[in-house]
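Next come two complexes, and both contain chain A; in the first it sits with chain B, in the second with chain C.
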Partner chain A sequence: MSFLRFAARRLAEMAATLFGASFVIFGAMYLAPGNPASFLLSGRSASPEALKAINAQYHLDDPFVLQYLRWTGQILHGDFGRSITYRTDVSRLLADRLPSTLLLVGMALVLVVALGLLLGWIGAVRGGAADSTILVSTTFALGTPSFVAAVLLQGLFAVKLGWFPTGGTGDGLGQMIWHLTLPAVALALYLIGMLARVTRAAMLEVLGQEHVTVARSRGVSDHKVIRRHVFRNALGTVLTTGGLIVSTLLVCTVLVESAFSVGGIGQLLELSTTTKDFPTVQAISLIMVGLFMTVNLVVDLLHPLVDPRVTLGPRRSAA
Partner chain B sequence: MTTLDIQAYRLSLPDTARPVLAGVDLTVGARETVALVGESGSGKSLTSRSVLGLLPAGARTEGTVRVNGEDVLTMAPEQLRRLRTSSAAMIFQDPRAAINPLRRIGDFLTESVRLNAGAAPAAATARAAEMLEAVGLTAAALRQYPGELSGGMLQRVMIAAALMGDPALILADEPTTALDVTTQAEVVALLGDLRTRFGTGLLFVTHDLGLAAAISDRVYVMYAGRIAETGPAEALFDRPRHPYTAALLNSTPRLEAPAGRLAAIEGRPPSLQEELVGCPFAPRCPLATFLCSQQAPALLPVAGEPARRVACHHSDRTGEGSVHA
Partner chain C sequence: MADPQHGSRSRSSHRRPALPVAALAALALVAACAGPPKSGDTGGGSSYQLSQDTPAAKGDVDSFTWALYAEPPTLDYIAAFDYPQNTILSNVCESLMRWTPQLTLAPGLAEKASNPDPTTWVYDLRPGVHFHDGSVLTADDVVYSLGRQLNPDNAAAWAQQFQNVSTVTRTGPLQVTVKLVQPDSQFNQYMATAAGVVAAKAGIEAAGKDYGTTGSLDCTGPFELGAWNKGQSLELRRFDSYWGTKAKAAKAEFRFLTDPSARVNAMITGEADGGYLIPTESYERLRSSGAGTLWFGEGLSTVNVNVTNMSGVLGDVRVRQALSLALDRSGFVKAGLGGAGTVTGSLTTRAAWAAAPAESRKEAFEGLTPTTPDLARAKALIKEAGAAGKTVTVATSPIGQDVSLLATAVQAAGTGIGLDVRLKTIAPNAFTSLFTSAEAREGIDMFPETYYDSITDPLDLLANFKTGAFQNYAGFSDPAYDDLVKKATTTADPAQRFAIEAQLQKIASDQLLWIPVAEWPTAVFLNKRITGAPTTISYMYYPWAADVGAAR
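For the complex of A and B:
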């Protein structure tokens, strides 16, 4: 199957999935207890007129199907509606907050890939004490959820040592990177442990294969055997894990952003959920679904580059 | 100078009661094809791998393994790499497992000469194309992945890879076992052909006596890490002097023989956890006497046949029919 046909098919599938997801998201918000009007009035008893005005403004009295169709129709025009809490366009809110989240996730991803691969490589190749140390420390990393890591890092490096700010996002790239370092480490810790373990196991499996012995028997130096054959062949597994890692980063960023008051999408999701800000929650959920699918698509498209035995498209019958 | 000269080679592994190889003497001359036969576990693969310095972890060695006069066992890593690149090369049993499935054939062929001999990529690729043609493939295979070739074609690629560094010695470790019968014949014919064309010595490790007889000038029969018998292929298979060789020949199916059960050799080879006092084959040998259980026989020349040597106290009685069923 050609690359273009595959990509086109996958895009169509993604559109269908997004459509399904939009229904589930909208339905879930519709069924959830509480409504924005009561939150806006924050418990005060309002006159029926005031309630009516709010409901009319946000079309909260319309039938479900009508509300859903209006919402999807708007989204197709690039309009995510108006935030009830912030009283601005949701797309404005997202545009303001997306860069911090992307930077945070990006920094965490760099940390995860660099350290995860390095530790996995050392563990598999060196063995001995280095391997044991890595096994123990990755076990700790795997046992530390990101919100616990966030509190610990904050306490040590921000409060006690004062090397990093306790929270906030900062302005300008340099400031932002400085502010986001601790959150990125908190976000990355667990995943570094996971990627190190996966890389180590994949490399050990390849190390036991005969073609590695054969490469050595042909005079290829140990270092090059590791790089050209062992690590190279472990990359497929690493790539698959990579998709999972990005997805996990997107989920955990909600917790970490809240812990460090990073003004990103994750914190916005948490805030808007507690304030029943339907349009914002819906928009962020839909964007998350879109990001997950994009990550999976990228992983699938990269796979044939990493492993020539993988072909795009459905499994061929008895090739 | 002998291409391969193994003298009194012993190899011990941790946690075993006896050495895996207990004094192996073996030579391969220039342009000579030598077969090393024996059952699984007899140490024949270990012997051939030792020639490239591929030793199992924790192995302790004694004796010498010389390739072109240089002792492999004492080589520095750098020398060992040079040996593997340009003096000796090995063809492995299962080409599908021996070639990295994620790299192109061209990369596999040129890897060793590019990385070690510092060959320019273009020159290496040209040489690879030439070698592919020598083994009956085309240069088109350079761009292909191992998964796109058949087992027989991959074994040809393996042979081409072995020829890349123009080695003086090729070690073939059961190179046809994983292939189907027609492909086996092609690969064997190819190996014979290449020997005359490139003038390499060939050590052919196999458990297939018929194959050994067909391809080799001389044969070594190995049992429990020792050479049981050696000599010119024809004489050795016509008149085996070691009861083990005779029994092996008896257990080989033949087309012309009357149908019936094959003569299996009773018992099994000694495990590595058993210490061997006398002849390792004594417990299974129909000729064994008290002497055999007490004293290991030395590998001695056969009277009247100077090219042959046998390690048996009763080699003079082997031909008497007591072994032949």
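For the complex of A and C:
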């Protein structure tokens, strides 16, 4: 299958999935109990006129299908509607909060890839005490959910030692990076452990394979063998997990942002869900799904470049 | 303040890459971020004292930082009906009347409010009051500002408080007259809340649909809105042309710290100088931190267990009485409120009756639900009602310690007297919808709720049991009760009104539609740098930040 045809097919699939997801996302909010109008009125002063006015303004009384069509139509025009709780355009809400989240996820991703690969490599190649240490520490990392890591990091580095702020984002890139360091570590910890384990296992497997033994017996330097054959092979595995790593980061950012009071998309999603702010929740969910799919698409397109054994088309099962 | 539930964690071994990779990654999605912890220590029953104020400030400060548990969605006064927005807005926008730190009513932007006949309120405005944009307050601004609350298209949170208003008109350059369709003893009191806020007509019109979310609020308060860093923080700057006593701080920065432990950590490390609404489980931690002082004030708040279903076993008042009699209120106060609270058998706080004649107060608080457990009597009532073994479902949620511990206390009480009490755990967002949606309340017999009054009048709470009232979850309907609510509303004389309210309190208490549990004071933490903030719930509508200054 040609690269272009493959890419076009995947894009079409993505559009279809996104469409399906949009329906699920839109419907899900309506299945949960509660009505945004009554949330807005805080329960205390819901005069029938006020309820009617809000329902009319946000078309909450329209049939479900009509609401769905109106929503998708708006989105195709780049309009995510108006937030019910924040009484402002959703796109502006997102623009205010997206930078923190992207920076946080980006910082965590760098940590995961750099440390995960490095630790996995050292574990597989060095063996012995280094390997044991890495095995123990990655076990610890894998057993520590991000919210626990958040509390531990905050207690030690922010409250006890005072090296980092306890939360918030700060102004300017330098400040932002300083504020987001602890959240990024909390977010990355589990995935560093996971990636280190995966890299180590993949490399060990290749190390034991025939072609490596053959290459070594031919006198190719150890370093070259590991880089060319072993690590490259492991990289394919890493890439396969890539989509899932990014997805995990996006999902977990909700909790880490809350723990560190980072006013990003994750925190906004949590708050908007609580108040049943339909337009905001729908927009964020859709964007998250879109990001997942984009990352998976990029991974699929990059895979053959990294690992020549992979052919385009339906992904073969590696075993 | 939503805390998602803990997920379960599981482990798997992973030797080979291919399949385990996917399994691991799927696990990662679940396990890596199962949910935040609940902060643990429960302090115990340390004593606390109520005060109205903290020591007065010794001088000015450049700025102070305040921790808030959430960001206000908008600062438009017509939508200001929750802690975060009111805590900020009270310093920026002023109302016709003012609620004092002592929770009494005083003149605000109106230097005089008169009531020439039962359906007329005349407000004479303070001359020479400047809006933040420099223009001067006139009667037109008042007519316009109140008009926004009245317009049903605006869906104002305060619309209910204007239900008896027929017209708001300018009767002089500095005089506004409000005509009512029937006497309303509560109306003028609500003019001290965000319901009575006055903002500049020109400013609101210029901001259009963005009013309250960007730019100035165009009000008259001691502070004006500065930079609002969405999702993070909001800054108030001292307004130098303020008509009253100028603020002691040049700048007040509010930081939105949604996670309870992050909020407390910020106060301990000095990143925040103080805050209201301290998580109960953190009282001890703050006290022992040595960073500052934890103060308590009158909150006009009661913690209750609200009955939502009268068609089940709770339809029999004897069962409600039995549950109330079996409840370990003091145990709840100790564990659920960090020891800071008092058990009560009254739905309304004592402070709500502060202005009432001794006689009415005595009547209102006499013969209420006993607060000391009496299991023998409770068991007898259950037997009498033939309710032994019947099921009662109580909603609970990991939304806060007060909710989950109270639900557990109800379960313990019910089980002790032979009821089959089931806890139904509900996610925080669904729990909040119990307050607003009848659908959400289906299958639930009762749930814990903390209620605060917006004015110092017991009717604010007692009107909830009127037929068809929004928070009348049990669907209680008693024409005699409705008549009394109407009578209290139309009675201008406070003494007469309190007497009627005492009768209402009696009926509501006998009915136990909400089982009263405890009075919950407000808490405020101030570190060693600053002082001056009032401790009472007045901070919702009183410009408290203007009083905050240097402690030394």
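Keep this in mind: the second predicted complex is superposed on the first by the 312 of 319 C-alpha atoms of A that agree within 3 Å, B and C clash if a C-alpha of one lies under 4 Å from a C-alpha of the other, contacts with A are read in each partner's own complex, and residues count from 1 in each chain.
Heads up, the rule we're going with is that a contact is a pair of C-beta atoms (placed from the backbone, for glycine too) under 8 Å apart; a residue touches a chain by one contact, two chains touch by 3 or more.
Model, not experiment: these values are computed from the prediction.
Per the definitions stated earlier, placing chain B and chain C onto a shared chain A by superposition produces no clash, and the two fit side by side. With both structures placed on the common chain, the touch criterion links A:133 to neither chain B nor chain C. Judged by the touch definition given at the top, the superposed model places A:17 against neither chain B nor chain C.
When the two structures are aligned on the shared chain, A:100 is found in touch with chain C, with no touch to chain B.
Contacts of A:209 after superposition on the shared chain: chain B is touched, whereas chain C is not. Contacts of A:220 after superposition: chain B is touched, whereas chain C is not reached.
Residue contacts after overlaying the shared chain place A:232 against chain B, while chain C stays out of touching range. When the two complexes are laid over each other on chain A, the CA centres of chain B and chain C sit 150 degrees apart as seen from the CA centre of chain A, to the nearest 10.
Measured by the number of chain A residues touched, the leading partner among chain B and chain C is C. In this overlay, which is a superposition and not a single complex, chain B and chain C have their closest Cα atoms 17 Å apart.
Chain C contributes residues 2, 4, 9, 11, 14-22, 24-26, 28-29, 31-37, 70-71, 73-74, 76, 79, 81-82, 152-161, 163, 209-210, 212-214, 229-233, 255-259, 261-263, 265-266, 268-269, 271, 428-430, 432-433, 435-437, 439-440, 470-471 to its touches with chain A in the complex. Taken in their complex, chain A has these residues touching chain B: 209-211, 213-221, 224, 228-229, 232-233, 306-309. Put simply, chain B touches chain A in their complex at residues 49, 52, 54, 80-86, 89-90, 92, 94, 97-103, 111-112, 115-116, 145, 147, 161, 165.
Of all residues in chain A, those touching chain C in their complex are 32-35, 37-47, 49-54, 57, 83, 85-88, 93, 96-97, 100, 142-143, 145-148, 150-151, 154-155, 158-159, 162, 165-169, 171, 190-191, 194, 197-198, 201-202, 205, 237, 240-241, 244-245, 247-248, 251-252, 254-256, 258-264, 267-268, 270-271, 273-276, 317-319.
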